[in-house]
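To keep things simple, chains are lettered A, B and C as they appear, and every chain counts its residues starting from 1.
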């Protein structure tokens, strides 16, 4: 298998800038949650609520904050931010990742007008006319980039990603395998018994530091641009329609669908299989539960659930009410009988 | 960026066959809705209800019908059908689209028995044995076409589309990137503690003028053919199971799933993330709301919503009832108390 | 079209090891359900409840059990297990399937350290360093296999499948076109106003006899491995998150989503568009209805429906209650009026 580096707990402590308490000699190969970690694993207490699992953990060492109490016999690495140190540890332990060698693979087809100096162009890649790929960017095998595309520096496009003509992609963007950026938006006018295609002459702009999962689709705009803001992270199998505007630093989980011309603010979280209907405007910091659908404009900071999505407190009350429905129907039947009797008695006494 | 043509409002009026009222000299580069259009944009009033936005619009010119009142200071282009003229304007303004040059790219692998005369076969394309690609059809980079496939004239298969063996695709069909046509249907028989694969010996027939989005999957039939009728438009990330029959001129929006052997009539609209269960028959002109599931046969012309999908009026009544449920539960509690008192009083007066 | 073999009913009877009753001379080309079969088709009665359709069927021959009554004028093939015989008949009738010729296509790019002896490596395939592909395995056109990957014997990877570095795939695994195995899990830590990527240093293990549909995504683990157990069958457009553990012989239908670190037991059935939330544990033999979401741990053998998913009997009662809600609201209004009157009468008689 992969040749791996020999890394000890002391190496980890040094790498994360932490203070070691205990034995630094154990060799570690992986990172795992406290209850899954074996003696070859580093673990971490990101949130104090997990500290209860520390005494029973078999981890070789645990990344903790300065104020967490010592645990007998445990090797601890004291750090300012265990979650950050966890990331740093994973980076240290990571086996090498496949990288495209710099230069252009001889099986690639790069248009003579394209600028790819300093980029790494893999096997069977195609780069269209007048396209610019900035230095440090990797195009893995089978990536297809159309003409007049711009891709920033240090981006990674994984195998078989398709980027259609005139799309703009920022620096440090990661796009996972088999995703498609810049297909035509889905737009027709119905005339003479058939759907007439509306030309989609716009484009897509993916800003810096965006990450896009596998088999995700982001359509070009009818005119203007579909846009994904800086730092937004998109999971696998997501669909983003034409002219959609997504803000910065959003989290968009798998199977989310965003309808044409919808706008999503900054720092939103759209959970798995949720959706936003065409032309809806979603404010900043909105959170949408899994399998929910926003079908009207939503102000900043709301947390929503359901189809149609409503405030989550309201949604929970509605669900609680539903759970009592069956019993309520019984109560209604009983009340009907009791009122029958009261009425009967009334008539008898008259 | 792209070299663009210099197009004036007068050019647009001429191109759409319209009558110009106002200044034809402004240079236009795009098309936008009335409230988003800047001075370089053409706009349109497709439906009279949007006319109220006309006076405030900054558009260089607006495509309108003959009977729409003049608006002070606005440049209008009178046409018979503003929606059609909008399409025509987009086509005029469109920057060039990537086209595959005629002939066979030297990096393509085309079986000697395949017929591709007059077709455009791009880089790293594969065409299997005994396959016929009609003239005018473009296979973009990385398209994989199996053996015994037939593709009609003037079709466009975007990069990395996969068409498996024995599939038939009509003329002017467009298939967007990373879609898969003709994989095995999902079918097993459970025996001896394991799922035995049922061979899928059928095929897929895509009729003329169908458009299929990105990362969509259409499975081959167990026997016979999965079929998509003339003019039907399918969005991204749609799944169509084995032996499904879809009629003509349907609209099928992203994430729709159609189960094995289901039949969908002509002119149906299936909204985003809706579904049709296995073996269900859906009549002509049926409309299904987003996130709904048809799980029994549905007659012509019905409009449905929900899971299971019911008539939309019934669905709305059910939702209205649900919204009143919380209050109803309170009323029931009050009624219980009031009936308690009435009964108590009855006993007292006896 | 495809050159086909000339196969008679007698050939079918011989092939499935059945006893022929009736005319064995008819040439058959396909298999179809009783009510769709024409005179060139074999049909079958897998379940006795379908036997009623036998007299009206036009099938050339019907695969039936020994105890099914004879039907006048029908040609029957008596077999022990008609469903198995149906599979066997399809295999007999199947036109040839595209196979990759043994050896390495000259357009493929195979790292010199990779071992592909006895495998079939198609056009434009890429195989990374230190990867092993066992004999009998086919990599169709455009498949991308990363470094340090292991693929067992007699597997089939259809066109444009992407397998990322360090993934392990068993024998006889089938992966359909445009699927992605081993992309990074979706995992971030929010710091300083941005989402910091958590390195995903784990891998994916696909055990023997698994089948994976088209455009499906299975993410690698943060550490350790995402695992799909022996014999599990996964449909198109499914998403499986990082660190998920799926048992043996499950059925996972299209659009299913399984959240990070969830565990699914053996012999589970997850219907279309259902989901399992992060970190949930689902027992053996669990069945989940379409469009349902499991969001807490579920014991062995439960059958669930809804969002959140509950026992299916409970879900049906809840739905029945819902259907009576509108009427119940009317009853409540009537009761209110009746109680008003009773109270009024009480006051009057005081």
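In the analysis below, a residue touches a chain if its C-beta (ideal position, glycine included) is under 8 Å from a C-beta of that chain, and two chains touch if they have at least 3 such contacts.
Please read these numbers as outputs of a predicted model, since none were measured by experiment.
J.: Using only the C-alpha atoms, find the rotation that maps chain A onto chain C and quote its angle between 0 and 180 degrees, to the nearest 5.
T.: 120
J.: Shared interface numbers for chain A and chain B above half of all numbers used, same, or below, different?
T.: different
J.: Express in whole angstrom the distance between the two chain centres, defined as the mean CA positions of chain A and chain B.
T.: Measuring from centre to centre gives 25 Å for this pair.
J.: I need the residues of chain C touching at least two other chains; which ones are they?
T.: 107, 124, 142, 160, 178, 215, 237, 255, 273, 291, 322, 325, 328, 332, 335, 339, 342
J.: Per the contact definition, I'd like the list of chain A residues that touch chain B in the complex.
T.: 107, 109, 124, 126, 128, 130, 142, 144, 146-148, 160, 162, 164-166, 178-180, 183-184, 186, 188-189, 191, 193-201, 215-217, 219, 222-224, 237, 239, 241, 255, 257, 259, 273, 275, 277, 291, 293, 307, 317-318, 321-322, 324-325, 328, 331-332, 335, 338-339, 342, 345
J.: Mind pulling up the chain C residues that touch chain B in the complex?
T.: Residues 1-2, 30-32, 36, 41, 81, 83-84, 86-87, 90-91, 93-95, 97-98, 105, 107, 122-124, 140-142, 158-160, 176-178, 209, 211, 213-215, 231, 233, 235-237, 249, 251, 253-255, 272-273, 290-291, 322, 325-326, 328-329, 332, 335-336, 339, 342-343, 346 of chain C touch chain B in their complex.
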